[in-house]
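The following pair of complexes shares a single chain, chain A, combined with chain B in the former and chain C in the latter.
Presenting the complex of A and B:
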């Protein structure tokens, strides 16, 4: 049967929409599946969890069958069989079995994703799991015919005539409903109507069992029918009685085919008993009410709110220009407006916020894969899964996290033997924890491995020219050397965590998100990578400054302080470079106008105000500006998307007065400056 | 035209609910949807649908419990209840019948068979 003929009544549009719902639902089911299996792995042998896990796979199978996704159906079926045995307590849940089930969940995920885009999964990937699952299922003696547990009254059948096939002499049926037939809302009249659809027939009512009126029981069954049917197709007839099988006596006389196996099987002694499902345990499977909204609508709303924020600040600026007498009454209203606007903005942002759980969950698969590749035993612990962050941040979190976790297992966690030798548990632990701290999300990836080998890091850094041989970096500085560009090379990392990418790439992808990354490590005890990210990429707090008649925004996260420059503290190194001494510490002093290439009507020496900024790597510089205009929340508009990437510029924003201001990319500016400084010798700058 | 017949569908899978909805509406039925047994009982309330189609595997209250609860009300004695089941779940089919199911619809879902089954139970 082709797909088209299976659903003749449904339009292509309807099918497409159901298909979309199916795949959306699949993702939810896959997530529930993994969450459930992980909880079982933690030792929670909760009936409701097992049920949820089973339902997830069952549901995927059911939906897949609508769309004839055979590979998916077959795999889900096998998976379901294994789970069904777990559910029936025929298969004890031990660590090994849960591992297999988790791997099967990964394979199922692959199959779903492949089916979604109309592709096939490499059979070599799925085949081993099919074998593993089949083995699990085979462990329990199978009741292959599936009828073993049937509990019903056998249908007495007279084997009067077993003539050769093709005889169409018609059939005679004796049909006597039992009381149960009526109790299940079946209706003999409907059955007779169905029979009539098959062909002509003659019906005789047998009411011989009908008692006297006084003895009549309302819920008893007294009537029977004899039907002489013109059609000889006993299967078709039996199908009519399909629903009432066991709730009636049915004799089919004159049938030309052997009997249905059901009729030959003695009823099982007992009905299968399942533990009752606790109906009041609503568990985590059913969180608060939700609605589904097209992401575009949310983004549109965020855009509108951003405009509102801009308009509101225009209003405040215009009002500030008014004489005080006009302002007084309006000010209170403006303050309310300001508060409301921010609240609306926060609420809208919250719509886009998602728990980091989705990314964290993906990591458990990664851990399993890396475990398999390295032969190490690792347990993944996640904390703060519910911590929410903007979905764009979530989307871009996956890559750096993946790399850090791979690194942690590959480099951090020791082999089982080494761990046992130093008195640790054979199984290592990688922990990812998310939390909100000061308007940012902080994610820590830590392992209980060997910690950073500082001797080796230092040696590599010297060898690669990241630091000079006579440099004397502190332990902390050494640890952070691993983020330095040029530190990681294919030789410095193994094939596994390397994949051609070093920690410097992780750092730059984190920085691209407006984040920072750092590491602390204790030899023999493990390392912790700390990632701090903004909650949203749509707005940020900035310091508005003016330089050469242009407005620029320095991200507040990069700003350490602003101050008046004292000429005595400035030491010129050349025409375009100078050093400023702040409380005894020298920092490069940069004229922002010349960095940005602005034609300047003010001489550099005329500028006396500077911002002390720090990039994500801890590099500092003082930026000379004309004037500090004040702190402001700005809506980030991508310059790259609207124009092109400009060195030293992270993005743009629209100011209250409608003018465009560029947002400074402090790391970029410092890198530009570093290049200028570094020209004479490459080793001037430590990380 | 006579009043359309009403079918209560109870299934935790949105895919299946959509499939049922589109097929039934297309065939001229009115549809009331519920997403699990508990929800099914709520949606049933005082309604007198012409038939119920229910899944078995559902959170909160599964199909068996749901059917038993429906049948426990004498007013629903003659309300046809069809369960959605798969060929491999013969034992479940039987359990559903013991709970009071009138008949079943075998998955994979087939619109023609669904409508046949409804006709067979008089809905």
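Presenting the complex of A and C:
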């Protein structure tokens, strides 16, 4: 059956937007599903949780059928059947079953994500779960077909065989959709199909309201159905109509009609739900007091508020320069304005803030997968799930966390045998904890594994030339060597962490976010990685410097120190290179004015202030500047939006005087210099 | 008489660049504003004067005189920036002054003769003669050639 013919009045745009909303809701449902299952795993046998889990899968199935996502529908249906047995207490929830359900949730997530981008999931991934679920349900998924022609047949249709003795229970439903039901892209056929999953039924079409063709309004609703249903559970029936409440007339009459006995209904059908559960589900169906807002609108608002903050600081600067007779009054008003703007800024940022829970939740799936691959037993503990951070940071937190957790399980946690041998519990623990500290978010990933093997790390570092053989690093320095480029602590390249990327990649991605990462480790007790990140990527702490009459911002995360340059410490090397010796270590000295191509009336030797900076890979350089103007929080503005990427420039910002200042891309500048001077300068690796 | 207003009629904004007159389609113009000092960008062509703050948007400014190989002057407050929309990007064109709004029909557009310098020819897609004036219609797609190829 083709979908298009069914929606003659819905434009492709409308369909696309409904589809987008469906997938958004899917994500929410998947998240609710996993949260619920994890809570059940913790031992909370709460009927409300089971109900929530059931509803999540049910909603995904319902939405999927609108878009004919068959693979998704079939799997969700099977999943739902298993859950409905749990709900009906026919299936006792034990650890094994919850594990299967969790794996099914993972597979459902894959199916949804694949459907979203119009792809197929490898059947080999889903097939074993289908078998497992089917075993739980003890029946193969019931056949979905037999309804295809219903949509186009305006005559009474018998949906199931009617022979057989009468059942003592049964309902008669009068169902008349309102025009709104169709306007919201609901489809009576799907509802009828859903009803049929509950049990056998007889459907009669009432077309008495249908006008003559000439008077037919395309967007009106004329049809009604009378359904004689074998299942007597009015609540289960109402649940089918949960999503169209208010958009239809639904009358349920508890009339008894001879139909198929319930025992002969396909076993996969949902079994009657206990009354209190059903009433709970009604209450929980209403979400909290939230609204769904297009992200672009929020971003636009954040942009506007940043403008307001800048404008406000320009105003304050200008007013300070004005000769005013009533300065005290004006200042009082300006101070109020200042306070208000900051409050607005905070509130607007709070709109985009999200709890880290979303990312942490994804990690529990990762742990399950890595557990399966390594044969280790690991428990994931999360703390501070509710800690909020800007969604731009959330989005980019997933990769480094994934890598760190893989690493913790693969390299940190010992095998069960080893653990038992040293008197630990066979099951290892990986803990992720988030908290706010000093205007930043701090995330700790710790394991109770063996800790960093410093002997080995040192040996590898020497072998790979990261440090010299006679270097004598402290324990802490050794621990942090694992972040050096090209370093990997794995004994053997494993399937998991040994993909040629190591902790140096994690460090770069964290630094790209304006963050820092460090590690502490106790041998035999485990390691703790500490990530510190800004709360938002929209603003950044920077050091404002002046070079050749231009203001530039150096990101504070790249800055190690600033200092006065002593002419005696500068050595020329070749025609255009200069080397500065800082505490015995040679560092290339770059004149920022010439790097940035600024004409300057001041000669290089006239500049006496330098910033010691470090790039993502730990390479260092000293940048000569005219003057350090001070530390400042700046709003990050893209250059690419209206121009293009400029080498050596990360982004732009707007200063208090309304002018644009460029934000330095330290890694870019260092890379640029290495290329300019074909012969690389002295080793810039951190010693 | 209303019939003469065919769909072929285009409205153009003309401006003065170093004693010459050029124009762009009015539909691509977002706003016109006075000159404010630009922040220069490293590794950019000389005709890219830098970036300015357009109510929070970082706007690159192209010096049309420099772009066309004409004598340039130090921008002052009398100079004007014509903000145009080019293929999803906002770009400011630095000109001496805005002159006129012209309504022209397709037949008034004449091809740029071959004798013009290669650069200018790619940049000026047609010529318009109005009274005693000759106005070059600027092809906005070629204002930032480097960005076209590199940003792709």
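Going forward, the second predicted complex is superposed on the first by the 387 of 687 C-alpha atoms of A that agree within 3 Å, B and C clash if a C-alpha of one lies under 4 Å from a C-alpha of the other, contacts with A are read in each partner's own complex, and residues count from 1 in each chain.
By our rule, contacts are C-beta pairs under 8 Å (C-beta built on N, C-alpha and C of every residue); 3 or more make two chains touch, one makes a residue touch a chain.
Values in this document were obtained by computation on a predicted structure and should not be read as measured data.
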**Asked** Of the partners chain B and chain C, which touch A:404 in the superposed model: first, second, both, neither?
**Response** neither
**Request:** State whether A:637 touches chain B only (first), chain C only (second), both chains, or neither.
**Result:** second
**Asked** Looking at the overlay, what does A:248 touch: chain B (first), chain C (second), both, or neither?
**Response** neither
**Request:** Please name the chain, chain B or chain C, that touches the greater number of residues in chain A.
**Result:** B
**Asked** Who does A:38 touch here: chain B (first), chain C (second), both, or neither?
**Response** neither
**Request:** Name the contact category of A:646: first (chain B only), second (chain C only), both, or neither.
**Result:** second
**Prompt:** Should A:104 be classified as contacting the first partner (chain B), the second (chain C), both, or neither?
**Reply:** neither
**Touching partner for A:611 - first (chain B), second (chain C), both, neither** = neither
**Asked** Looking at the overlay, does A:62 come into contact with chain B only (first), chain C only (second), both, or neither?
**Response** first
**Residues of chain B that touch chain A when the two form their complex** = 12-16, 18-19, 22-23, 26-27, 37-38, 57-62, 65, 71, 77-81, 86, 88, 90-91, 94-95, 97-98, 100-104, 107-112, 119-122
**Prompt:** In their shared complex, at which residues does chain A touch chain C?
**Reply:** 303-304, 306-307, 310, 550-551, 595-598, 637-649, 652, 654, 658-662
**Message:** List the residues on chain C that touch chain A in their complex, please.
**Reply:** 36-44, 48, 50-53, 55-60, 89-91, 144, 146-147, 150-151
**Complete:** chain B partner, complex, touching residues on chain A are 6-10, 14, 17-18, 21-22, 24-25, 51-52, 54-55, 58-59, 62-63, 65-66, 68, 77, 146-147, 149-152, 183-187, 190-191, 194, 240, 242-243, 246-247, 271-272, 276-277, 279, 282, 285-286
